[in-house]
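These notes open a run of structures that come right after.
Shared chain: chain A. Partners: chain B in the first complex, chain C in the second.
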Partner chain A sequence: MWLDKLINALTSIRLTVVCLALAIVLVFLGTLAQVDKGIFIVQKEFFQSIIVISDLRILNHKIPIIFPGGYLIGLILIINLIAVHFKRFGFHPQKIGLLLTHFGILVLLVGQILIDHLHIESSIRLVEGESKNYSESYTRCELAFVKISDADSDTVVSIPESYLYKGNVIRHPQMPYEIRINEYYENSQIERLSAQSNERGAATLGFGASLRVIPLPPVTTTDRRNAPSAIIELIGNNAPKGTWLVSFFIDDGQTFRVGNEQWQMFLRPERYYKPYYITLLDFTHEKYPGTDIPKNFSSRVKLTNPQTKEEREVLIYMNNPLRYGGETYYQGSFDPNDDRVSILQVVKNPAWTTPYIACALVGFGMALHFILKLSAFVKEQKKR
Partner chain B sequence: MRLGFTLEKMIFLAAIALLTGCGKEDIKVYKIPKESAVAKPHQQPQEQWKVVGDVPQNWEEKGPSGMRIAQYVVRGKDNSQGEVAVMPMVGLRANKNEILAIWKGQLGQDVVEKSEKVKIGEDEGELFDLSSKQQQSPELPQRILVAMLIKDNVNWFFRISGASNLVEQSKSDFIKYLNSIKIIKASQHQTEAITKPNTSANIPSTNIKSDFKTNEQIRMVGIIASAGSYAMFFKITNSAVERHKDELNLLNRSGFKNVAG
Partner chain C sequence: MKKWLPYFIVLLLGLWVLASLRPPATKNGFDYANFGKLPALLNGRIQPLDSVSRNCLLQIRSKPSVRLKNGETLLPSEWLAEVLFNPSKADDREIFVVDHPELLGLLKLGEGKQLVSFNQLRPHFAEIEKQAQRAQQIEPARRTTFEKQVVKLYTGLVVFQKLKNSLYPEEYGSLETAINDLKANLAPGLEAFRAKESNKQFNQDNLNKLVQTLQKWEVASQMAYPGLIPVIELKQGNNQWLSPGEVLNQIIHDESLNFPRPIDAYIAMNVAYQKNDPNGFNKAVADYQQWLATNFPKQFSKSKSESFFNNFAPFAKAREIYLLAFLFACISLFNLTEWLRKSSFNILALAFILHTFGIIYRMTLEGRPPVTNLYSSAVFVGWTIALIGLIVERAYPYGISVLVAAAGGFATQIIAHYLSLTGDTMEVLRAVLDTNFWLATHVVTIALGYGAVYVAGLFAIVYIILGVFTKRLTKEIALLLNRIVYGVMCFAILFSFLGTVLGGIWADQSWGRFWGWDPKENGALIIVLWTAIFLHCRWGKLVSERGLMNLAVFGNIVTTWSWFGVNMLGVGLHSYGFMDTAVFWLILFIASQLVIIGLGSLPLRFWKSHPEHTSNKSPQTV
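What follows is the complex of A and B.
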């Protein structure tokens, strides 16, 4: 039966060798690709994918690549590892060391997949005296529609950036209208049109009527981020007729009404809201005397949780983060133009222990396997 | 111990399900607490800034109102009264002379204007002394001292006005107050639809590229060397499998099936 043959193939040790070889090639291709595409795009396209459908630029030529992605190779390795154990090695007391070692490798592989999906890194930018209950992604943006007309709270419909491509029509039951993406610029700059200019604005409604969009190539370095813009249209009965410009650069929400409801739209860094507030009380930035070299910087913050009635001050500085609510707040950066601004790096990684557990299991398993083999050998020698 | 053929099939089918289940990100909907409206500077400046300084004892604080984020009533020795006001203005299109003309207009005709540099906190501003030669009605000021400072794209005006004697008596206190000024920004403000991007997102106008040719040559050498080494690796592996076929077959007989594939 074909399924039997497939399972035999999946339990083959040759498959393990092939997967490891493919992984080496994938790392090499990803290393080449990240020169042009940047590390974040390469991570997504090469390592966090089932199939790599991308291109490499060699001698100014784009060479298409189709290759097994990191998730596919990892998944087959996981299946292979489990299947080989059940089918070939079994569960014998003498093989406990081997079992632990392989289990450790399994924890490492599965843990990495979990980290990819659960790990969130973001930042909070605070001016002294400012409070925020959200952090923002370094790289991801969202098209957010916020209903602000309710008295008690605002309702946010957050559309991921992956939905924003030319021609796409986005529908959602919580959205009052459909949204058509007429244009999408992954990275851009916007400029205000002069009053004397005859040039038409990028959009017909809202701020876009007096703005021009300049598309830019996507960034490839880790110290910069893309600033996307999009021209969108709201479709539906009684929808405002015309197009809107939403952009990373437009902080103010653009408002439209739907009956008695008032909505605002933003294209902004993806936000991660928390049930508590962080208030920056004081930011200290010391430099070595006579230089601009940072010596020490620290943020005194107040943590306020209305649900738990918690309110306390915390000092965050280098190597002394705040750990709260499953997240860790590090003293990340500062604004060189404004010494009252502190930027805290927020890391959420529920699976952070998996690499440590995996290494411990592998190390202990190998040691145990060696000891068992050694004692069996010694016993054999004694018998002789 | 074998757990049976069924488990192996389940593992395989689960892998297929997992692969086909990987899909697009979801649109999220959630509720958040009401965010207080971000104040526009020209509407609610007292929510944006706070000004502190050495306030003399005879200045009575009146509290902010409208455009004035700080104001005081100045009591003179002869029971005369003047006022001090601090006003920030964002996006001001009028120039210095146009602004001075407004205050000169309050003093009537024949206004004498003098100016000097003055320290306002850590910055340097300009102090204008405007006095009227004409007799004015008591309700109108006779003399205005106004210090102007442009800081972080905000036009700051510190003004004392009142009767000539009162302003003259208060001039040194006013200058001391200006020297001690500290402007504290209460929150980020947004003056226009276009704001500077978050400084964690510095937007380049062009990507900086290093020497293209050298990079490409190094890349080509790397690709050729790697391709060659992978080819050698597979060749060596295959020949090793061929050489140790008998040993592998021995392993097969002892329970390790299909090791050689």
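What follows is the complex of A and C.
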């Protein structure tokens, strides 16, 4: 009895309309919320969630919002779509267009959920002539410890951001010491202490002895990123006693010795290593004559893959990316202070083809459906 | 007689349009229209001086024309000629508009909207600059109206000042004086310089004079706004468009000072202008044009074409003709005479031809697909509405579609007109947008989708108005409108969906992000969802015919939100057209649509006519 009711509800067109209406309200609220919160937080809170528990600031009043999230609405729509086709439609040559359209929508919705979870964005900043075999995350950071050795490659222990919180103690089999996080600042600024000041540095060892950390609120817009800092301590018999300041603002590794091993520490954007190298040969930044309006950016890069013995040149420019090794390299941006620097955006997205397929299916399906309907209508008119 | 009337009216209108093709009259004998055809480089593109003056005036006073206090109007090119050739007179023209009460108070200008001249503002420059520089630190979206007005006034003053220095350092008063002064000081100055270098005796006075002269030119070349002088670079063979000051930098090493031909041309124009010698001026312009035609044929012909387009103004004419078609259609709807309906259809067709001509002309001029910015999107959406209306009217000649098409065409041209006041409508496109493929696919399909939703909404408005206020909503008309709204909605969802997904694919091609929940993307998505709701409600028979009409009217709000509303939020990748005053009109439009939906929701007994009305009558009387 209740199962019949449930099936009826799930296969009803009413449910479709309700979901679509809820989706409109959600998208509208999510658009308004961006003014205050920024696109990044809104994506997480509104669209990539089951339930939205958030607030909206309108004319300086905070209005609390509790609403079904993007995933919940999307999931119900998917179930509704599949159920309707099994229960009601069946197969009918007249409805092939509709079938294709709905199948395309399904591909699009499922594809988006996949993309949300599988897609990783990072960037490579290259000066002309420079080679790199890694890209860096836009949002996440890592605490890296590098053992300096004479061998060709150094040992790198990378601690992801999720481990970096106050009081956490981190062990790793390759490190002969433990690390304790005394403080972690998600976003920060650092300042040099003046020589006259009596204030003590943020840490007792390394650069931190003469620096002060100013915690900042996390950023909300996508065009800026957090600059974290942390105060850490090494624990171990042979490790130096004292605290260290690690920060995005300290580019150079801070060196220390443990026994007869030499180590360096960095707090830096999380790196994604690749089995190949990208070398920037030439970066051009064209502007319209007599203005600063950019006309085109392009990077000529060399791709070197020792495993496959590949070595070739590629031109990456606006709207024309390089797809290689499951990743796509886009001309991302440039450094306004240095015209030899190109910033490539790197996207790993195994589901990138789904919108293309969906677009073709829905476009073709709708066109077919409407043409069939129209021709039936015209025939009927003619009969009269 | 009545048979021929519809053609006769259109013929008259056609003649009116053609009449404007003849060259505009000269003013006191000066052929400013011809002067306005000369090419120059501004904002990264070659444009005629006519466009240069219009674009500068837009920045100075938000209007592409100069109307003086005494009611006299200056042609844009006439004003530019004065600024370039007689700057001290231009300083007294009251072209700056100040209307913000606090700004008026700050500048001690009295009350109400004031037109003031550069000279009248001169004593307040320091104050204006101080206020503007503070306001410029603030994000545009967060500025108060006072701050916006101050920045606007300051920008206008800077543009005016730059324009005055584009040909020669302003203090010389004319290009000839400036060049003569340079020539007179160059040889003795260089002699003194060389003597000094080789430790011989030298004339300090001569050296100082040259240094001062060069400093003046340096300042002018840094301020110069349009690049007026075409120069072929010998090394690379590229051509450049420079100010005379920049030209000077290139040729100063050669003592003979061989200025390129265009400088002589501008000297001749300047001299004739100041002598008030129209024939000399016209001849100098014509001679220079002849030289351009052989040396810079491509740029000159483009510049001439654009100047023609500015003066012909097909969109402005189409706007007026759409209005006429609308009036004819309104009357024909009640009068029901066929000649009126036919006339309205013919008038609409004429407006549409002009509209189409304008779009194609702009496309060839720019070498771009029809939609490149918010302005051209308004023009194109209007075109879509008119096109659909014409097609539907051909199939169902009731005059209703003419009404819808003319209303849509007129309204979008009004919007386009106000958008054109925000700046150059043929601006160059930033790197990501510089792709004809995506502009032609994504942007055009989105605009077609907008147009279709509006057409459906407009037909639904006609349904409600006819039903509530007239006896004309018969069974036949109601069924017809219902079918048209449905058919157009199908068209709308197809294009909105394809346009939205194509936009995602473009984003994937340029950033690797198919969907980013950017406000403009969200707006487009809402349109798709809304049309989907409409169609599912109809297929599932979830709402009545009147309910469907209300849904279609709400589509107007949804589309307007997506088209303009999201730009007003000032966030995201697409916030290219930030408009302040438009907020008021947006709210007014939304309110008007809600009123119509309110009417549409009135119980049937308040409707003057409706098919269900008549069939329900008998049970009610029982």
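By our rule, the second predicted complex is superposed on the first by the 229 of 384 C-alpha atoms of A that agree within 3 Å, B and C clash if a C-alpha of one lies under 4 Å from a C-alpha of the other, contacts with A are read in each partner's own complex, and residues count from 1 in each chain.
Keep this in mind: a contact is a pair of C-beta atoms (placed from the backbone, for glycine too) under 8 Å apart; a residue touches a chain by one contact, two chains touch by 3 or more.
Being a predicted model, the structure only gives us computed values, none of them experimental.
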Touching partner for A:32 - first (chain B), second (chain C), both, neither: both
First, second, both or neither for A:13, with chain B first and chain C second: both
Touching partner for A:79 - first (chain B), second (chain C), both, neither: first
Contact breadth on chain A, by residue count: chain C or chain B: B
Chain B versus chain C as contact partner of A:294, first or second or both or neither: second
Partner chain(s) touched by A:352 [first = chain B, second = chain C, both, neither]: second
First (chain B), second (chain C), both or neither touched by A:364: neither
Chain B versus chain C as contact partner of A:23, first or second or both or neither: second
Partner chain(s) touched by A:269 [first = chain B, second = chain C, both, neither]: first
Partner chain in contact with A:47 - chain B first, chain C second, else both or neither: second
Footprint overlap on chain A, where chain B in one structure and chain C in the other make contact: 13-14, 17, 21, 24, 28, 32, 35
Interface residues, chain A side, partner chain B - complex: 3, 6-8, 10-14, 17, 21, 24-25, 28, 32, 35, 50, 58-60, 71-72, 75-76, 79, 82-83, 86-88, 90-92, 123, 125, 127, 129-130, 133-134, 136, 138, 152-160, 162-163, 170, 172, 174, 187, 189-190, 192, 207, 211, 216-217, 219-221, 223-225, 227, 248-252, 269, 273, 333, 335-337, 340-341, 343
Partner chain C, residues of chain A touching it in the complex: 13-14, 16-17, 20-21, 23-24, 27-28, 30-32, 34-35, 38-39, 42-43, 46-47, 108, 112, 115, 121, 287-291, 293-297, 318-321, 328, 330, 332, 345-347, 349, 352, 355-356, 358-359, 362-363, 366-367, 370, 373-374
Touching residues (chain side chain B, partner chain A) in the complex: 1-3, 7-9, 11-12, 15, 18-19, 22, 24-35, 184-188, 190, 193-195, 197-205, 207, 212, 215-216, 219-220, 222-223, 226, 230, 233-234, 237, 255-261
Touch list for chain C against partner chain A, complex: 41-45, 227, 240-241, 428, 430-432, 434-435, 438, 487, 490-491, 493-494, 497-498, 501-502, 504-506, 508-519, 522-523, 525-526, 529-530, 532-533, 536-537, 539-540, 542, 558, 566, 569-572
